[in-house]
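Look for chain A in each of the two complexes below; its partner is chain B in the first and chain C in the second.
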Partner chain A sequence: MRAPPPDHSLIEFAWDDGGALYDCSSGDTHLLDPFTLAVLHAARQCGPTPEAVRDLLARTDDTAAEQLSRIESALDQLTAARLL
Partner chain B sequence: MTPDPDPRVKQAPPTTEVSGVRRRLVRGGLSAAPLLVTLTSRPVLAQTCFSPSETLSGTLSHKADDLPLCQGRSPGVWKNVADEEVEAFKRWKKAQAKHEDDGNVDWAYDEDVVAQAGAFISWPIPPTDAFHSHFTQGSHARYYKRTNGEWKPLSLLEVMHLTGGDDPAKIGFHFVGALLNIRVGLVDPRAMTEQRLRSLWAEYATQGYYVPYAGATRWYAADIVAYIQQTGLASY
Partner chain C sequence: MTPAPFAPLGTLPRETLARWLAQGRLGLRTGPFTFRIASKEAIVADNLRLLYAHHLVIDSPPFADFHVSLERPASPRRWLRPQVDFRLDGYSPFLSLPAPQAFALFEWGMNWCIASHAHQYLLLHAAVLARGDDAALLPAPPGAGKSTLCAYLAHRGWRLLSDELALIDPANGLVHGLARPVNLKNAAIDVIRDTLPEAVLNTPVPDTKKGTVAHLAPPASAVAEVDRPARLQWIVTPRYLAGSALHPARIPRPEAMAMLIDNAFNYDVLGATAFTALADLISRAPAIDLCYERFEEAREWFGALKA
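This part shows the complex of A and B:
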């Protein structure tokens, strides 16, 4: 399995209803919805464990505390896409 | 962006970077499953390839985002490169001979010239290597020539010059091309390796056909060549 690309090889574009990441090393383009993008950002700060991501997101949004399964799903997708 | 005031939102600690965009991102679409779509880039000229035993399932044998890719050169390209380099070598030797007052040398294409030029040819394997030093001989495939009353094995490059019944379906021609492509890394090893290529040849050479998997139809020379061409081990 390929390792995630180094951060410097990812170019990110974000807008209100989502974002896109372009991997310069592989040429792949990833389109993310807002939630998954937020999970990616949080995981990069605190590590890719669901509880840590939930806790970080919950600092600014109480509803994140109830979305553990959704966070887990997002982390699985990000891992499968080799973004984490 | 200026965050919207919302009584549910906690004030972030001063040392933490708070993104108003992120707050909206988390709150939006609470019941929808997370969405991530990947558009995979692929080399333009490469084609998905698979081993002979996978011809029944094809690319379904592999994950959609991790398919084996092969972009083997045409065997003709390898042959032409070697031929051009032999000609360049002959011109160089002629120029040298003229300079040394020996301008009447007749440099016909022969194994001695190729042998001398061999070091200058950009193949990953010497073109003067005997074909059967890489691919076994059998009752259905023996590449030899009679020279001065002796049987001598044909070289890889000489096999590529065979025509008609001397190389049925140009199978030897394609196997040399495939071998060279594998050697320089143009073939995904999940589709074919040098060892498996030699095994495929060995079965063909001894039986006259190859069976890719149990119960499959026999592959004769033309079928094997079609597999090599269509999967990019050695393109058309």
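This part shows the complex of A and C:
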């Protein structure tokens, strides 16, 4: 359940219905729905550009191709939360 | 000199209890904590005798976690509509309350002492009941019926660890008990009196900030096993809903995590340690919202829980 942190300041738990992250630097806790968590994981692999994230998600999610605006919104939120 | 051993409070002669309290010598053990208590209020002594009969006490403990007192303020309110102050090491965290509310103030003061200081534990505002070594955590907002259901289940096969405070050891996830009285409010008092005729309740106190309150003595068996920690296996948010059929619904983990953080007294104090302890708990223990109307249906549902 507990994933290795992407950097030394984040503790992450991922579940099938969402995830939780703790930023050890700021003390902030972030609770993510499954879609936003998937976007986060994809953005870590391919970079935080909406098209790249869409293409990566489309490998496992047939509906991802039609969700570019939702991906953009999720990326905006993740960036604002300093998770990306 | 070897101090006298702890003994059940109920074995103390009434006069001895009153004297120890008046002289600030009474050490009361509740779970992992010892309170040293000073009070000349008869209502405090009477309620301790009624509700803490099975808890262990000692004369002048060599160590106490909390030194508390309930005393009348040095003002005309000492005599005119007398009031009482709760103090920890001389500090009063609350406003004075009418003297008839002294015992309720004592209970709230004990909660405050633990919630404000016992940061070796992750502290949640929740009831905890155990079956063997498996425990259910019952967080719920005020008025949801948490204490009422907790009181019922504690007299129907479940072991009461706590009605108000869950003490979670972040090192191993075990939850520790206090086995203190259950705080009942308003309509719940008569409901429990009618449903559990064998239960020991004190005299209800009206007009408190929480309405009419009464306290229910923990079962003797719960006090006897208070030092037996348990492992949290279930998170259940009970909600009494008149006319409702029993309805359990799974709470998504992020939502459950948010609820537990909201109910934690010291999440910010413990930081990453608290986050990891709660996320570990959420990972293994299903969180369920339980609407209920009838105690018996809820008891059967709890009885069917599998670890």
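Note that in this section the second predicted complex is superposed on the first by the 78 of 84 C-alpha atoms of A that agree within 3 Å, B and C clash if a C-alpha of one lies under 4 Å from a C-alpha of the other, contacts with A are read in each partner's own complex, and residues count from 1 in each chain.
As a working rule, contacts are C-beta pairs under 8 Å (C-beta built on N, C-alpha and C of every residue); 3 or more make two chains touch, one makes a residue touch a chain.
It should be emphasised that the depicted structure is a prediction, and the values quoted were computed from it without experimental measurement.
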| item | value |
| --- | --- |
| Simultaneous placement of chain C and chain B on chain A, clash or fit | fit |
| Which of chain B and chain C A:Asp61 touches, first, second, both or neither | first |
| Touching partner for A:Asp33 - first (chain B), second (chain C), both, neither | both |
| Which of chain B and chain C A:Cys24 touches, first, second, both or neither | second |
| Greater chain A contact set [chain C / chain B] | B |
| Touched partner set for A:Ala81, first chain B, second chain C, both or neither | first |
| Contacts of A:Phe13 with chain B and chain C, given as first, second, both or neither | second |
| Chain B and chain C, minimum CA distance [Å, superposed model] | 6 |
| Shared chain A surface residues [contacts with chain B and with chain C] | 17, 27, 29, 31-33 |
| Residues of chain A that touch chain B when the two form their complex | 14, 16-17, 26-39, 41, 57, 59-64, 67, 70, 73-74, 77-78, 81 |
| Touching residues on chain A, where the partner in the complex is chain C | 1-2, 11, 13, 15, 17-20, 22, 24, 27, 29, 31-33 |
| Of all residues in chain C, those that touch chain A in their complex | 252-255, 257-258, 261, 268, 271-272, 275-276, 279-280, 282-283 |
| Contacting residues of chain B [partner chain A, same complex] | 8-10, 12-13, 16, 18-19, 21-30, 32-42 |
